[in-house]
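Got some structures for you, see below.
Next come two complexes, and both contain chain A; in the first it sits with chain B, in the second with chain C.
Right, the complex of A and B next:
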């Protein structure tokens, strides 16, 4: 039911957002978010049935650029400041576990 | 020359001294660097002072010499940059631990343009983490303090830029405005700040918070300098597809004084309601009386969806933020919390340790609004309300040229006063959010002082009507003739 977020939902959302919390923190964030979402109920006062949504404000016609590759010299700097890189690659922890079955 | 001589200076005055040979860029830079050393341990407006590079750049400018015929407008002028604008080779942290030590491999378009105009990057200014906040208390590196009263906040999120200008640590600054982040700190610190029409300034190199709302804005001590800065940073940019394909702003767009006197000014009644501090309303009403005496027409108008804009904003902005901030995963740049475990473990550790509480709150809120089953109830509804807010302004501008409102319903509040209840902090932006949602330009101008605290007046214009807006702002600035800020830092502490 919109407007009544549950602690379990916040737990699930935290997983989706890749954030971990202690139970205490989770409870605090749950309270904050419940409070804020309760304010959103105010929008139910409006009749929005025939209103079209504005996803992006554009007061001008977006320009079309030629689709041409541009030479960019910054890739060495990008790799230099990466948390972990080797050669021309970013290094990350193992993505697939050994015992995991690939289907 | 010393700092006090510069109190009422505009960029043109510095340029005059350069032209006469009475001042050189290194000398000017030294005066501002000394000022930073003198007061920034109290204010904490800067996260990084670009001393060595700035000095080298000033020296280079001097060696090249000042060509009087084609002298770039900001030749030798130091400028402070909000720390969410990418500067090649200069740390850019967004006041977040997750970008600690990040050094951008490129310049934002606005930085390229400033440098081409002769400016010197003085340093990077403090802000609320990822521009999420209204007090600069959400900085991972500690808050900035208001130069008028060190116990009070400078506003936010561009609080560092505003405090640096008010204390004359810098003569010019850039901020960014998603829901009021240029205008509210400008009001709290008694300086000038413009949120441009959405698309008038390139966002290339501005770290994304809510892409459909973010705009870089010029901040300065005078309207005149705000215009100079806006001329330089505005205009088309192929690298930002949301940037309007129009030429840079030109002074020719500003109406003459006699045109300004014929203007009809709208007062949206929803912005003068009960919740606004009566001393703020009183100060603005005095200004309006002055304008009427000068021949302008004041007319009450209505923006009926004003009170819904805040809620819609806190659906739309966190939704976009939750998506934009998914990129901070410890792989490409910034912080990585490595250690044992899988890639997923690294993501969780990095994000959990790198983001502060308000950023996490907004990521959770946005993820919720966008999640399956709630999209229609929240995000879609938010976008629909955005349409109504825009239509309110379109109707109002059929009756008047410009709108005048307070910037903030309250005076600068005390540090810690609003941090316990996030929603109370969100209310600080109630008068700056609607124009941001509509993508239209709005400027904050100091219009008086109450108990030594500045009062910000907001002028709102239709899309691409910055010229009209500046016309009134210049007129008002002259009419009010207020002293420019230069508070005695640290002298105001109460016993």
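Right, the complex of A and C next:
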């Protein structure tokens, strides 16, 4: 339903974002998100029948890169500052599933 | 299978052949490189880094869509596909959603010589993820390592409509798709190395009027495993249906070792990627002149080439089919025919000797030291009966191994014109005439007499002839003289 968000949806969004909140926090976010959506509901008062969806207001030609590789020398530093690294790898908890997630 | 209705759709990812990554300037030459050396703030998702599109990646994706006869959508819009996985540094993949590069295309291929068609639903461009490693320097047993060298390499994703009706069709369709991306030069299409990846949706029904459950199959790493996984899956679903059970709509993994599909341990809940337009990348319109320029670079595609070869060179479909699968091989064939205009002779030699030697050395025709001109010269020598075909095959092997011309091989091996087949024939006849007793013995059933005759020919040629050729010539002369 437009203009509404349920507490369950807020819980799901938090879960998808890998964030955990207390019930109090969830209620507060629920209220905030509801208010934000209500605010945007004002747009529905406009007649936008003939306007195509706009993902950005600018339509100029953006700059593009040439297909020429350039070395970057900072990878050692990034590895050094990583929460966990070993050898040349960033280390993460064991990923059980064999598949490489990509679709 | 009788009474089994199979519906298959493919989802194929190809790494695009750019030098630099899709949104940064890191090199894409990642195979065998030290982990995390081809990286930068953009492809590692460091705060504040901004993506800038590689023009070439866009061009290659458009080229793919055009070759698959897609409508090109005028606007390029990138979306963020949000999910958490350790190989995805930003927490989202830059992909495309409601404005893919191309839609509603067609891919034509052949199954046992018969033209087939599959509709293309969409072609879009997106970035590759990093690689997870479970063993390697510093990677202990209870952890995984992440290498971002691959992260950000441009991919084109090609999604077909569910128009395929057997594992055979799916495999041929995929082979044609690989052929096309290679012809276009947009991807090297190597399934084993992962520059071409294929997932498939399969549903099976026992009636043409009902749709089965859609099961997605992943983790197929070769054309053979695509065929085997789909065959297994069709069989599995059909067996369930015959027992009155229904297959579950799910994602399954092909287990190469056990040759079965197994349910993925992924989340039960449907994925929610919360796509939204990437605010870091401005949407833009593809300039018309860019489209025209790309269109002009699309070469003759495999199916057209095959039909032309059948028409122009009067080749049979199965031979033409094999020749055109590899663009370089097809070009080698044509170049050779230009210098030695006997297409069927050239085709036969290419499909037997050339392929045999390429396979033996695990090489591509591009890596071969034998040029079309060198093969034409060899075939001309056979035509002039300077050498026989069996000797020619041996000479070709040597040419292939050393890069020497046919005449150089003959000089080095001491195969002079004396020992070429035409001259050998004379010597063979002479030896036969001079040894009537041995001839009679051989014809009387004494096989040993043949060895004596071979020995005589070898003596006259001072050991320079190929005994196998001599034997064949002797047999021919002796039996024709009966």
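We take it that the second predicted complex is superposed on the first by the 90 of 103 C-alpha atoms of A that agree within 3 Å, B and C clash if a C-alpha of one lies under 4 Å from a C-alpha of the other, contacts with A are read in each partner's own complex, and residues count from 1 in each chain.
The rule is short, and it goes like this: contacts are C-beta pairs under 8 Å (C-beta built on N, C-alpha and C of every residue); 3 or more make two chains touch, one makes a residue touch a chain.
These numbers were taken from a predicted model, which means no experiment stands behind them.
Of the two partner chains placed by superposition, only chain B is touched by A:32; chain C is not. Contact with chain B, but none with chain C, is seen for A:43 once the two complexes are overlaid on the shared chain. Within the superposed three-chain model, A:88 lies in touch with chain C and out of touch with chain B [touch as defined at top]. In the superposition on chain A, A:77 makes contact with chain B only, not with chain C.
By the touch criterion defined above, A:67 reaches chain C but does not reach chain B. Chain A residues in contact with chain B (one complex) as well as with chain C (other complex) are 16, 18, 55-56, 58-63, 65, 74-75, 78, 84, 90, 92-95, 97.
Considering their complex, residues 101-103, 105-106, 197-199, 212, 236, 238, 241-242, 244-246, 305, 307-308, 311-312, 314-315, 322, 329-336, 338, 341-349, 351-352, 355, 360-361, 363-365, 367-368, 371, 374, 377-378, 380-388, 390, 421-423, 426, 437-439, 463-464 of chain B touch chain A.
Across the complex, chain B is touched by residues 2, 5, 9-10, 13-14, 16-21, 29, 32-33, 35-37, 39-40, 42-43, 45-46, 48, 51-63, 65, 74-75, 77-78, 81-84, 90, 92-95, 97 of chain A.
Put simply, chain A touches chain C in their complex at residues 12, 16, 18, 55-56, 58-72, 74-75, 78-79, 84-103.
Listed in rising order, the residues of chain C touching chain A in the complex are 11, 13, 18-20, 23-29, 34-37, 39-41, 44, 46, 52-58, 77, 82-88, 93, 128-129, 131-134, 136-140, 142-148, 197, 199, 218-219, 253, 264-266, 272, 274, 277, 279, 281-285, 287.
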